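Given below, in the form of C-alpha cells, are the structures.
After this come two complexes, each holding chain A, first together with chain B and then together with chain C.
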Partner chain A sequence: MSKIDLIILIAMILTALWTVMARSLLRAAIGLALTSVIVSMMMYRLNAPLAAVFELSVCAGLISVIFITTISLTQPLTWSEIADHAKRRMRRFWLLPLLVIFTAILVLVSGVNFSLPLPSPEVEGNVRNVLWNLRPFDLLGQIIILLAGAYGVVILFREIKSK
Partner chain B sequence: MGAWFILIPLLSLMVISLFSQKQMKTIAFWWIILLSLLQIVLAIAVNGNFWNGPFPLINFEIFADQLSRLMLLSIGIVLFSTLLAAESWIQEDERKFNFYNILLVLLAGMNGIVLVKDIFTLYVFLEITAVASFIIIALKKERDGLEGAFKYLIFSSIATVMLLTSIALILLVTGDTSFTGIAAGLKASASSPVISLAIGLYLCGLFIKSGLMPFHGWLPDAYAASTSSVSLLLAGIVTKTVGVYPLIRIVYSVFGFNSPIQNVLLLVGAVSIVFGALAALGQNDFKRILAYSSISQVGYIIIGLGCGTPLGMAGAILHLFNHSIFKSLLFLNAGTVKAESGLRNMDQMGGLAGKMPVTGATSAIAALSTAGLPPLSGFWSKLAIVIALWQANYHYYALIAILASIITLSYMLSIQRRVFFGKLANGLENIKEGGLGPTLPAVILAAIIIVVGLFFPLFINSIIFPAGSIL
Partner chain C sequence: MIYLFVLLLLIIGLYCIFATFNLMRLLIGLELMIKAVTLLLINVGYSNGHLGLAQSLVITLIVIEVVIMVVGAGIILGLHSYHKSLNTKYIKLLKG
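For the complex of A and B:
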C-alpha cells in the first residue's frame, strides 16, 4: 500500500466518523458526500474508474441532493436541542473512534492477509456496452429505486412540512 | 416479454403522477386491478416461452420457470385482494392515491425479484421492494407506523450489507454474477473459506428479510403497526417475495445442497416453527398473533427446503403459495374486524360470527388450513414437508413439525373462540359485515384454499412438482 492509499484510507475513516458523530443531519449528509468522494478516489486507485464515476455522481451527487432536500423539509432544531443532541451523540458514540483505532492496530499486529483473488484491471473502454448491453436491468432497477426514494420523500415529508 | 411486467408498473407510476389525484384516483385503482388480473391470467395460462421471450431494443435477461410463475400468480392474487380491501378501508383520497402509486413500485420490484437470473440484479430489485415497503409502512404517519418502518429499515439495512458483501465475495471468487455462472464457479472452489463466509452472510441476510427467528425483531412491529391494507400486503406476499423466494431460488439454483447449508436451514426453520408458535400463544392483539404465526409458518417452508429432496422442495413451494393465500385471508379478516369494530385486542371481542358471517366463516377456513387440517390446502403442504423430513431421516424435525401443528391449531382455535364464537361482546351490538371490498376477496381466497385442497393431486402434478424439479 502506497502512502497516497494510506492517506486516502485514513481520510475516509475520519469523514465516516464525522458523518456518524455529526451534531446535525445536514452536517451528516455533507460528511456522507465527502466520504463518497474519498471512496470514489479509492475506487479509481483500485483500477475501477467506472465504479468511481458512479460513486461520485450517484452517491456523492444525487443521493446528497435527495438527503439535503429531505432535511430541508423537516423542522429545524433549536440551538439548545442541537446542543442536547450533540451531547447524546457523543455519549453514545465516544467509543467509536477508539474502536476503529483498536481494530486497525489489531489487523496490523496480527498480520492478517485475506489473499483474496483480486480481479484483473477493469476494462473501461466501453461504458455504453456495460450499461446498456451487459447490465440494463440493473440500470432500470436503479432508476426505479431513485424514483421510489424521491416519491417517498415527497409524500411522507411534504404533508408534515405543511402541517 | 416478462420485462413488461416490470416496465408497465413503472411507466404507469410516471403517467399517473403527472396528473392530479382527483383526476387519476379512480383510474389508478382500476388500472392496477387490471394489471393484477392480467398477471393472474398470464401466470396461469401462458408458459415460460412467453415470459422468457425477447424484449425490443434492450436486452433484459428474464428467467421465468414454474416457480416464478407461481410467485407471479401469488403476487397478482394478493395485490388484487389488497386493492379491493384498501378501496374500502382507506378513507382519505390523498393517502389512497399515494398507496396505489407505491403499490405500482412494489409490483415492479416484486415482479423483478421473481424474473431475474443474476444475483446482483436480484439485490437491486430486493432494494426496490424494501424502499417501497418502508414508505408504505410509514404512510400511516403515526408514531407506531413510523417506528415499525424505522425498525424494518434498520434490520433491512443490516441484511443489505450482508447480501452486498456476500455478492462481492462471490464475484471475487467466481468472476460472475449470473445464477448459472456462480453455480459453476462454486463447484470449482467449493472448499474455499471465502465462499463459506459468502454463503453464510447471504443466508443470514435472507433470514432477516424473511423474518425468521432469531432475526425476526422487525416483523411483529412492522405487521402490527401498519394499516390493515399494508399488513395484508406485507404478510401476504412482500416478505415471501423478498425473503423466502430468494432463499429457495438461491439455495437450489446457485449454492446447491450440502450438509452445512441443510443443517442451518433445518435448525433456523425448526426454531422459527416452535418459537413463532409459542410466541403467538401469548398474544392478545389480533394482528400480532398473526405476525408470530407467520414466523412459524415460514419456518415450515424453510424446514421443507432444508430437506434437500424433491418432495421437501415441493412441500416448501406449496406451503409458500398456501401461506400467501391463508395468511392474506387472515390479515384481511383482521382488517375487516378492525375497520368495523375499531378493535384489535381480542379480549374485547367475541361473538362476531353472528354479525359478520362471511368474515367468521372464511376466517375459520383460513385458520384450519393454517393448522393443517384436511382436506384444506395447508394440510397437504404440511403433510408433504413431514413425509419428506421422515424419508430424509430427519425424524426429530418431523416430530417438531407435527407437534408445532398442534400448537398452531390451539392458537388458531383461540382466535376463532375469542373473536368470532361465544356471546357477543358488549358495545358490538351494532357491528355489521364489511362491505363488498373486503368480503369479495375473502370469499375468493377461501375458495382457493378449498379448491387447492380438494384438487390437490391435479395441483401438485401440474404446478408444484414441475416447479420443484425444474430447478
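For the complex of A and C:
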C-alpha cells in the first residue's frame, strides 16, 4: 500500500468522525458527502472507475441533496439551541475517537491478518459485460426496488399532504 | 490494511446509530456503514481479480442505498409533520 492510499484512508476516517461528531445536522450531511468523495477516490485507486463514478454522483451528490432538503424541511434546532445541546451530545460521543484509536491499536498489535486466502487472479472482462450478460437478474431487482421506492415516496407524501 | 480502515468506518457508523437520538443522524450512521461495505466489496474484488463482478454488485448496492435513503427521508418527514420533533425519545406512538 502506497503512502497516498494511507493518507486517503486516514482522511476517510477523519471525515467520518467529523460527520458523526459535528454539532449541526447540515455539517454532518456535508461531512457525509466528503466521506463519500474520499471513498470514491479510494475506489478509483483500487482500479474500479465505474463504481467510483456511481459513488461520486449518487452518494456524494443525490443523497446529500436528499439529506439537506430533509434537514431544511424539518427545521432543526436554532444555533443557540444547538450550542446548548452540544455539551450533552459530547457526553455521549467523546468515547468514539478513543474507541477508534483503541480498535486500530488492538488490531495492529494483535497481528490479526484480515487478508483472506484468495484464488488466483482471474481478471474478468469489463463491468458492462458482467452487469448486462452475467447478472441480468440484478438489474431486474434494481428496477423492482426503484419502482417500490418511488411508490413508497408517493404514498408517504400523499399521507403528509392529507394531514 | 484497507480491511482495518473498513472496520473502523463500520465501528463509527455503528456507534453513531447506538449513541444518537436523532433520526437524521441514524440515517447518516447507516449510510457510513453502507460505505464501509461498499469499500470492502471493491477491495475484495481487487484482491481476487473479480473486479467486474465486485463493481456490478457495488452498483446494485448503491441503487438500493439510494432507495433506502429516499424512503427513510420520507418516513422522517412524515414523523416530523406528526410529532414536530426528530428526537426518538418523543416518538412514543408505537411504544410498548
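We take it that the second predicted complex is superposed on the first by the 115 of 163 C-alpha atoms of A that agree within 3 Å, B and C clash if a C-alpha of one lies under 4 Å from a C-alpha of the other, contacts with A are read in each partner's own complex, and residues count from 1 in each chain.
Note that in this section contacts are C-beta pairs under 8 Å (C-beta built on N, C-alpha and C of every residue); 3 or more make two chains touch, one makes a residue touch a chain.
Just so it is clear, the model here is predicted, and its values are computed rather than measured.
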Answer with first, second, both or neither: which of chain B and chain C does A:Asp138 touch in the superposed model?
both
Among the partners chain B and chain C, which is in contact with a greater number of residues of chain A?
C
Could you tell me if A:Ser72 is touching chain B, chain C, both of them or neither one (first, second, both, neither)?
neither
Answer with first, second, both or neither: which of chain B and chain C does A:Gly149 touch in the superposed model?
both
Between chain B and chain C, whom does A:Val58 touch in the aligned arrangement: first, second, both, or neither?
second
Chain A positions within both the chain B interface and the chain C interface are 116, 118-119, 135, 138, 141-142, 145, 148-149, 152, 156, 159-160
Enumerate the contact residues on chain A facing chain C in the complex.
1, 5-6, 9-10, 12-13, 16-17, 19-20, 25, 28-29, 32, 35-36, 39, 42-43, 46-48, 50-51, 54-55, 58-59, 62-63, 66-67, 69-71, 73-74, 76, 92-93, 95-96, 99-100, 103-104, 107-108, 114-116, 118-127, 129-131, 134-135, 138, 141-142, 145-146, 148-149, 152-153, 156-157, 159-160, 163
Sort out for me which residues of chain B touch chain A in the complex.
6-7, 10, 13-14, 17, 58-61, 94, 98, 101-102, 105, 108-109, 112, 116, 118, 120-121, 124-125, 127-128, 131-132, 134-135, 138-139, 141, 169, 171-173, 175, 194
Given the complex with chain B, which residues does chain A contribute to the contact?
116-119, 132-133, 135-138, 140-145, 147-149, 151-152, 155-156, 159-160
Sort out for me which residues of chain C touch chain A in the complex.
1-5, 7-9, 11-13, 15-16, 19-20, 22, 24-25, 27-29, 31-32, 35, 38-39, 42-60, 62-67, 69-71, 73-78, 80-82, 86
